[in-house]
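Have a look at the structure that comes next, please.
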């Protein structure tokens, strides 16, 4: 009965026409003309709320890192394969290496003295470093140091390559909008230098030296850009921003996003908006003992634990988490975080897409 | 050789590692942990330029309409199936009824005195009427007449149903962002009244009466809206706008978008921007004998011939067109139009998505 | 006592220092060095709320028009004086011909077959026609008919001249941002042709033919412009828009800005915003018997009665009004309208300045 | 002759009507009805280019500071007079204490242990500290340290008071949009506490602790604000930003605005735009020996030398400058700077007004 289904999660197909030879002939006619009727597919096409084929999933750093190290032994890096990157493949989206319908996440590994050659593509990319140091990524010719806790940007169509300046390997995570780009057919790609164009290893990139002065904008950079001109968001600043929020909370001042929950968004200083047109990046710090309200959001998001111990509750199921662990929350899947110790997490999501196209909706437990 | 492929259309995988037991063990480890390496997939994930699985395709109105009429006999319309709509399914995107990766297009058919019940959904929708009259679509309680040449909007989350006030059937085309919504997991759906909420049949909807006065905005409507408040863009105005452009061209004035080529975009009067966040609608008129420059564009677009005879050249292949014929141009497929008679075409596309996310690129033959 | 004055309208200077020879020497020192102390001027510089030197004032059309006609006899029009325009000079702003601190309003008069030569200036200008016809204003070479009820735009730096194509004279009102431009030092001026560049007398200007199709934008005009590309807003459309609002109100639909009060804003179709960067134009229609709520607004506004009889209450003082009468409301002066018959009024103001710079405030009787 | 004047700087009144009794009667009629004809005033109202009544002028710190110190002895600070601020009065704008038609600049002086009471006003304000320390300004309850080289903001309608926590006096400069506010009638004023609401003397204000982390935005502050949430822009950051630009220039990288000329704009981190809706603040550093191109700009600007020796050329006239000296450039007056030593200057202007209202124009020597 339709009245039974209207409050439920699926749109029932109560009125499928009777199966007759004439109907079959009609359906054959549809097929011949590359047509498909809506009435046989409506429930899938238009669910009551988003029901992603992607599933919530947790990847353990303790499993990821050894596999990356092994790949370091067996798989060369260079022109063609381009990167020794291993994608986190959402089990619901096989055979694609998509962590969600919009996002790609991978662990990338570069051995001692190795170089990943330069190329550029429409896809927006970033790297986040959960541990280690010694690699420089060269973005449009500007060498950018990669160190623990840093967020490094490679916006669409910027040339970029990486090289390891040390005798020890380094691993980090990559985030891109590859699934969006591939499904929406927007991607261009171009090879660059087989080596990086500048092997210098400065502490600070030119982008940082021009742009990382709080509230100050160079007069030579008054034109707004769609992606941030800051190539590296340093851990030192992120850590201090979060610490100050918790200190202000201790002083009784408004500063945190919820009690015990400090958070910053990485932004494009030319606009105050997201760092790249498709990807939002944030960092969250929970005091020990804090639990966040359960929330549902349109769009997908990925977290990596940076430090501390805690858990995520996804669709009611709790999974313990420790440093380096990653998880994905597909669209409209309810989630919350629990902090056992002080709990630091890097987060990225496709929220800029959802907001730009007016599809964003949020539901927070206990809020109307 | 890599040097051979760099100027070509695909990214070659020149550097796949040697197949060894160790490598197989590594790949098995990836599989166990829901991981997929980038280096085995890069060419597909990151093509040199967009290469859609969608193919260019033409549907003949002379084939579509009889099938819709037959469906009118065999398939009831009502709660559950909701709409007697038959989707144009891109042969490259089977088994989905997607005309492109972002867009849905269908022919919808409503028999004499029938009602399609009310519902609402996040997906943005419009209807365009290539012939006929007699149906009113009721959008958020506002009855909107549907007549030949009219563009009717149903922006996301507006309740809407249709009823045929006459003794003859009527067919039209629907355009929605269903494929985008489904793949990106953004859709919500809610049933409304089993009948339309207002069976009045006014000539002009309340939205038109408030908003369709050129350059005038009601003081009761100063808040900008993400979708246009105009429910119906009447053929009379479209036709006149195009005629004036050609007359101005005759007078030697700048008015057309190219010689012999008049065109308008339907816009949201509160912003001057696109009618809905994901869908652009335009109407093009070519003088007899005009050929447009070949162009490539990121994103997909659909045309329906409204009047006249001509042809489309898709990827170099020419297909004659007449009234009602529809075709899709996937991302970056080169296309041009040729007008045998005065040639009127309705067009819709996903360009607002591509522009909002900074993925738009265009290449026009003869321009740098 | 300070405690007495804090709730009042002025900032008292309770703490002026004692007048001593030393203080006089100090003040002399200030004078010698082009300095003025704040503490002697604060009350004027920073009032409790805006207290304009401009006063509310009403000009009667029955007095204006005969003087303009007389000027038509005695004063030639041509290069140098440029225009036979007579400014409405706010009595509080003498000796300037400013109707308010930002706005200029004048009655302009052109005799049979006369031409006012072309020039251009940074100042934004419009004309509104309360009665008559027969003049064309030529704006950047586009001849624009001027008829009763029309609003005609001449945005900053557009060349413009006028010519009377008939054997009878014509008068209208001009509105400009001359006082703002002069006080803020922003104006440039350039002479053009001594005659208008095109003596054609088309019914519709090219701007109208391209742009006056509701909800439609020419593809040749996708670049937003700071001023409206519509040169003429015709009375026919304004009248119909207002009539429809009142009819919708009769039908119980939301449409008017307040009961019995229909109103439209003239807008730039490329943005939905004001027609020019500094001047807002609106048209208001009150049903017979309607009284508006008393309101205070930052910035100044000018009205001209177009048709009907009623009154304005300015600072509590009621003045009867009839066709052609004009009045100014300086910043924060309370005002309301009373309609004896159906009462049509054209309005312009500097609200875009106040809003762009975040100085706008409004207070409406009976609203919090 | 008109032909003589058209290329010159004034609009001539070649066509004044003959002086007759009838004309006098007409002019008397105008006067009686509060009317003023345009043709007698056009040259003043609409100059060929901006011709400010304000004049370029230089104030010497060596003259300002002793007068401020003397005022410290003779004039109390407190409720009523509110501030011991001495306005730099442009000689062309007497009797007003306006440094330009839009801007106010003053030297403010606070003796040991003194408090300037709290109030708020629509006018936007900032302070810049050329030397000294020891005062805290309390803005909406947030104590903000004032030290050498810092820019401190008090955007419109924020409560603010100051107190000197030391046994030595302190002087600084204030910049406000008082002339704009007064002439445009936009100002509101409200008294606050007679003492500041918080006498704490923290090194960093709460606003800085939340917002001064480069590229990071607190999740508790995602709503954009019309004025910057940063209360203090510290010299340490400004100095470093300028130094880095010159170092990058030494390395052959694009970074400076012109050779030898480093410059930053202070911005609102929520938008990347100006710190307040009406006032732009910048800091410029010239290498010894650098001369800037001569430029004309619409709108007025004020400079204060922070450090070094050099000169300004205003309308062709050169004036030597040293630490603390201030000068004003009225609209369209040509100016350039010459650096004898490394030359540091703080600058503020009304450019946000000119740009928001589309009146900005610039002319730079040697550029087209």
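Which chain is which? They are A, B, C and D, in the order written, and residues in each are numbered from 1.
Definition applied: a contact is a pair of C-beta atoms (placed from the backbone, for glycine too) under 8 Å apart; a residue touches a chain by one contact, two chains touch by 3 or more.
In this text, all values refer to a predicted model and were calculated from it rather than measured experimentally.
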### Query
What's the chain with its C-alpha centre farthest out from chain D?
B
### Task
Report, in whole Å, the distance between the mean C-alpha point of chain A and the mean C-alpha point of chain B.
29
#### Entry: Interchain centroid distance [CA atoms averaged], chain B/chain C, Å
43
## Note on the structure
Whole-Å distance, C-alpha centre of chain B to that of chain D, is 52
### Query
Residues of chain B touching 2+ other chains?
none
### Query
Touch graph across the chains, line, ring, star, complete or other?
ring
### Query
What does chain A use to touch chain B in their complex?
2, 6, 11-17, 20, 22-23, 26, 29-30, 33-39, 41-42, 44-52, 54, 57, 59, 63-64, 67, 70-71, 74-76, 78-91, 95-97, 101-102, 104, 106, 121-123, 156, 178, 180-191, 226-227, 277-278, 298-300, 330-332, 350, 352-354, 356-359, 361
### Summary
Per the touch rule above, chain C residues touching chain B in the complex are 206, 209-220, 222, 224, 228, 230, 233, 237-238, 240-241, 244-245, 247-248, 253-257, 263-272, 275, 282
